[in-house]
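The following pair of complexes shares a single chain, chain A, combined with chain B in the former and chain C in the latter.
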Partner chain A sequence: MEPRVKGRVILFGDNINTDVIIHARHLRTIDPAELAEHAFEVLGDEYPQKLRQFDILVAGENFGCGSAREQAASCLVGAGLKAVVASSFARTFFRNAINTGLPIVECPPVRGAVQEGEEVEIDFARGTVTTPKGTFTFPGLPPSVMEILAVGGLVPYLKRKFATAGAPPPRAG
Partner chain B sequence: MAPGDVVVAEVDTVIFHDLSLYLTGRTFEQEVKGQRILHPERVVIVFDHFFAPATEEGARILQANREFARRHGLPHLFDSGTGNCHYTAIQHGFIRPGAVVVGSDSHTPVHGGLGAFATGIGNNSIAALTLPYGTAWFRVPPTIKLLLQGSLARGVTARDVAQYLVGRLGEDWAGYKAIEYAGDLLPRLDVEERLLFPLMCIDMDAKAGYIEPDEAVAAYIRQRTAQSFELVRNDPDAVYESVQTFDVEEVEPQVACPPTVGHVKPVTAVAGEPIQYAEVGGTPGGRLGDLRRLARVLDGRRVHPDVRLQVVPVTREVFRQALDEGIIAVLHDAGANIFPASSGSNQSTNMGALTAGQAMISTHTRNFPGRNGSPEARIFLASTYTVAASALKGRIADPREFLE
Partner chain C sequence: MGMTLAQKVLAQTSGKPTVLPGEIVDAYPDLVMSHLASWRSIRQLEQVGVDRLYDLNRIAVVLDHRSPARTPEDAGHHQLIREFVKRHGIPVYYDVHEGIAHLVLMERGHVLPGMLILGTDSHSTIYGALGAFGTGVGFTEVTSVWLTGCVWMKVPESVRVVITGRFPPAVFGKDLMLALIGQLTANGCTYKSVEFTGDLVANLSISERMTFCNLAMELGAKCAFVPADAVTEAYLAGRAKRPYELLRPDPDAPYARQVTVDASALTPMVSCPHQVDNAKPITAVQGTRIHQAFLGSCANAKYEDLEVAAGILKGRRVHPDVRLIVTPGSREIYLQAMRSGALQTLVEAGAMLTNPGCGACAGDGGSLGDGEVCLSTANRNFLGRMGSRTSQIYLSSPATLAASAIKGVIADPREFLA
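Entry: the complex of A and B
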């Protein structure tokens, strides 16, 4: 994950559920590229292609609600999106995004401050999103979560962690 | 342990259905690689989406799952026709008060109604942590207490109240939080009816739902497992983020209308909408109580000729009991089509596709456009009574006129 990402915004509204992000009939694969071919297809056949022309997805409240499918996060990685900024996230999507290495930013003012196609810049270290209408701050994610995102998700994180120095597996506590 | 702390907890039960095991199994073998499953006996696999695959792909997914279970020595595989994944896990004694239960199905919180901590986590979370190490990470959620007070009016069930709460409070009301349901309504409901509340807490984005288990829960569990368990009680000094009270006496039958689960209206506001399909099944329907309620409305009547009424028991045991009680004969004679114990039309994996312009009313959990076939089809969600009344009328109907 890059410490700063900059790019064009694709815009969505409130309560975007995971059935809209990736339809259940495509949940037969774990390959992000293959999944990306069907991202947001429910909204129109042109959407998977359209998505690739943008870098950052901006949405309103409760992004990723509904079914807990992690492909809703991994298909966005496959489509080349560098981050998702929303006013709030559904809990299951939030968790899945971290585990699949998709950077997420909870920053309510952004949704109302950008138009589709405009550029924004996210600085993860400083906790800022810069839009044409101003710069907004967001609380950073905990360092443990940033470590997972930095290496691209939970599976690579754990493999790396346990491969080095024979670290013991996490224990219940 | 306080809200906000991150804990790594030992997992007692992992629930898979056929689709989630297929994905988790691939992640486990292709990405995690070279690990053993630490507690094979804690893994419950239920084939509930493909109950009789009509495509080669479905057959391949089931076969890959059977081979995965064999390779890793997983003893608890319940093949097609056993039941819905959550009720099968309950029926076979895998859920007990005090247990930590995970699954990648978002309705896993249902088990909080039996005193478990239960939540949905991603397939990769399960593949990377739960299978090899028997654990999962959680951020401890703050808890909101919802007191449900009063008795239900005629024709109103727990489903209506749970759905009413989603409409009233909103789809993101409890994000990252847990909800404890309490109040004098709950002891008046049978154990399976209470489950509707934690089941539908996900529709308010809660992480988990919980009901303090009582003797009725203990008796229910003892009928299903010989394993010992402790009836976990709330700490006397438990801290709640807030406590809110709802009077349920005024709640009417409720219908969730397209396009989302939070778009909830009283049945009187949508009565008259034509429907072509009606289904009683899924995790919130198809239990013995649902089949009894359905038979009560259908007894001696006929399903409307424009409607296909589909009945999907949640387990084989429910089907068997319904046979003994004569319920299956009543439903059959009324014109219902009976399907194998499964998840039924959930996301139209094995049944239940709709074409543009059609509408279904069901006891299922989701109504997002495109969930069952065409995005231009409409899905309404309601109680078994409302689905039954609608099947008779060919239009969404208020069940109260059939329950005099």
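Entry: the complex of A and C
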């Protein structure tokens, strides 16, 4: 995971649900690049291509609500998005983003501070999002969770864990 | 300070005497359910390159969402899952003929009060109907718990929903939940645990408790509970796979918010496109033309639901311009409704009966064409969910669905159930 990401913003509103992000009929693969070919397709056939022209997705409240489908996060990775900034996230999307290595930032003021196509910069170490209208701070993720995101998601995290420690000790009792 | 149900379950599954809201714990789930998504978890397991699973007795696999296979590709995914289940000797496995994973696992006594259950399905909150902490996760998280037995969880704050009064005629649990979601919004309980309590809940059937806890997901909830009681015990008698305790919240447990609902003041409700919180009283939408009516899903395709619909449709006909699709939630429900005559009544009225499972709710048959309108007893009406991007989904109770299927337009069930 990059310590800083900078790029052009694609903008969405509140309550963007997983059916809109990627429809159930496209869950035939787990390859992020293949999934990205159908991202936001329900909004228009041009959306999967449009998405690729941007770097950071900015949305309002409750982004990723609905299904627990992990592909809602991984299709955004496949589309080349470097991060998602939202006023709030649905909890299943929040976990899925971490597990697929997609950096997420909960920072409510950002949605109102950018226009589509403008540039923003996220500094994960400092916990800041810099927009044309000013710099906003966000609380960092807990260190144990950040560890998963930092290595690129749950599969690489598990690979490392098992390579170094073997299976974790069984629970007592 | 006492603990809520969510705190108690996370304390006992993380080996701690107490936990506080906001705290992050390493919990050991009692059960991990995966449905069709299991094939993806298996592929991720291959990526990790480790094949020794933590505890086979904490794994449940149920093949819903696309059942039976619609394409050779589906069939291949099913094959991969069956082979995996056999090779590891996973004891809790139900194939494509059994129905919706949530309902099957509850009917077969795998879900017990106080358990922590993860599922590859957001509506895993439904397990709270039996006093269990159920919550949805993605498929890689399932792979991780298969391997490590463990998952990080943030202890949620809890919201207490106190329900008083009695349902008026033709008003059901679904109507209450649609009204509540309309009031609190789709973001109203995000990250939170919802506990349902009050006089109405104390006498409520497990079927209606399932509808409550299922729909709580549409408030954004992490989990939802009806605290286990005598009704729970009666349901579990002869089903429970092992002994259990009736876990209850402490009287001095901390709640972030309390919401009171007077059931007596409710009317039939309908959620309008394209968000569940776009809920309106029936009087605001009646007369809206429908092309399809879907009686199915983990929210409302239980035996009681089929009985309510059959009661209204008995001796009547489905409107000639409406396709009524009935998808019983599980094989047990199917058999029960077969014995009672409800299935015959529904088919005589003109319904199309499918195999038990998720059916049209998950896009498995029953697709909508351009501009078509569907009234559904499911839990989501998101844009394009059931087909064309110009189609529309309205959500209602089984009673409103049956009344509407007869009239050909969204109709008030009080005309039939006064």
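The working rule: the second predicted complex is superposed on the first by the 165 of 173 C-alpha atoms of A that agree within 3 Å, B and C clash if a C-alpha of one lies under 4 Å from a C-alpha of the other, contacts with A are read in each partner's own complex, and residues count from 1 in each chain.
Simple rule for what comes next: a residue touches a chain if its C-beta (ideal position, glycine included) is under 8 Å from a C-beta of that chain, and two chains touch if they have at least 3 such contacts.
The shown structure was predicted, so the numbers you read here are calculated from the model rather than taken from an experiment.
After superposition on chain A, the partners chain B and chain C collide with one another.
Legend: residue contacts after superposition of the two complexes on their common chain; A:Val42 is shown touching both chain B and chain C. With both structures placed on the common chain, the touch criterion links A:Asp55 to neither chain B nor chain C. Look at A:Glu70: by the touch rule set out above, it reaches both chain B and chain C. Using the contact criterion defined above for the overlaid structures, shared-chain residue A:Leu154 touches chain B and also reaches chain C. Under the contact criterion defined above, the residues of chain A that touch both chain B in one complex and chain C in the other are 15, 17, 19-20, 23-25, 28, 30, 42, 61-62, 65-70, 88, 90-92, 95-96, 99-100, 142, 144, 153-155, 158-159, 170-173. Of all residues in chain A, only 14-15, 17, 19-20, 23-25, 28, 30, 42-43, 61-62, 65-70, 73, 88, 90-92, 95-96, 99-100, 142, 144-145, 153-155, 158-159, 161-162, 167-168, 170-173 touch chain C in the complex they form. Chain contact summary for the complex, chain A toward chain B: residues 15, 17, 19-20, 23-25, 27-28, 30, 42, 61-62, 65-71, 88-92, 94-96, 99-100, 142, 144, 153-155, 158-159, 169-173.
The touching residues of chain B, counted against chain A in their complex, run 6-10, 19, 22-23, 26-27, 30-32, 57, 61, 104-106, 120-125, 127-129, 132-135, 137, 171-172, 175-176, 202, 205-207, 260-262, 347-349, 366, 368-371, 375. The part of chain C that touches chain A in the complex is made up of residues 15, 24, 28, 37, 40, 43-44, 47-50, 52, 54, 73, 119-122, 124, 135-141, 143-144, 147-150, 152, 186-187, 190-191, 220, 222, 275, 362-363, 380, 382-385, 389.
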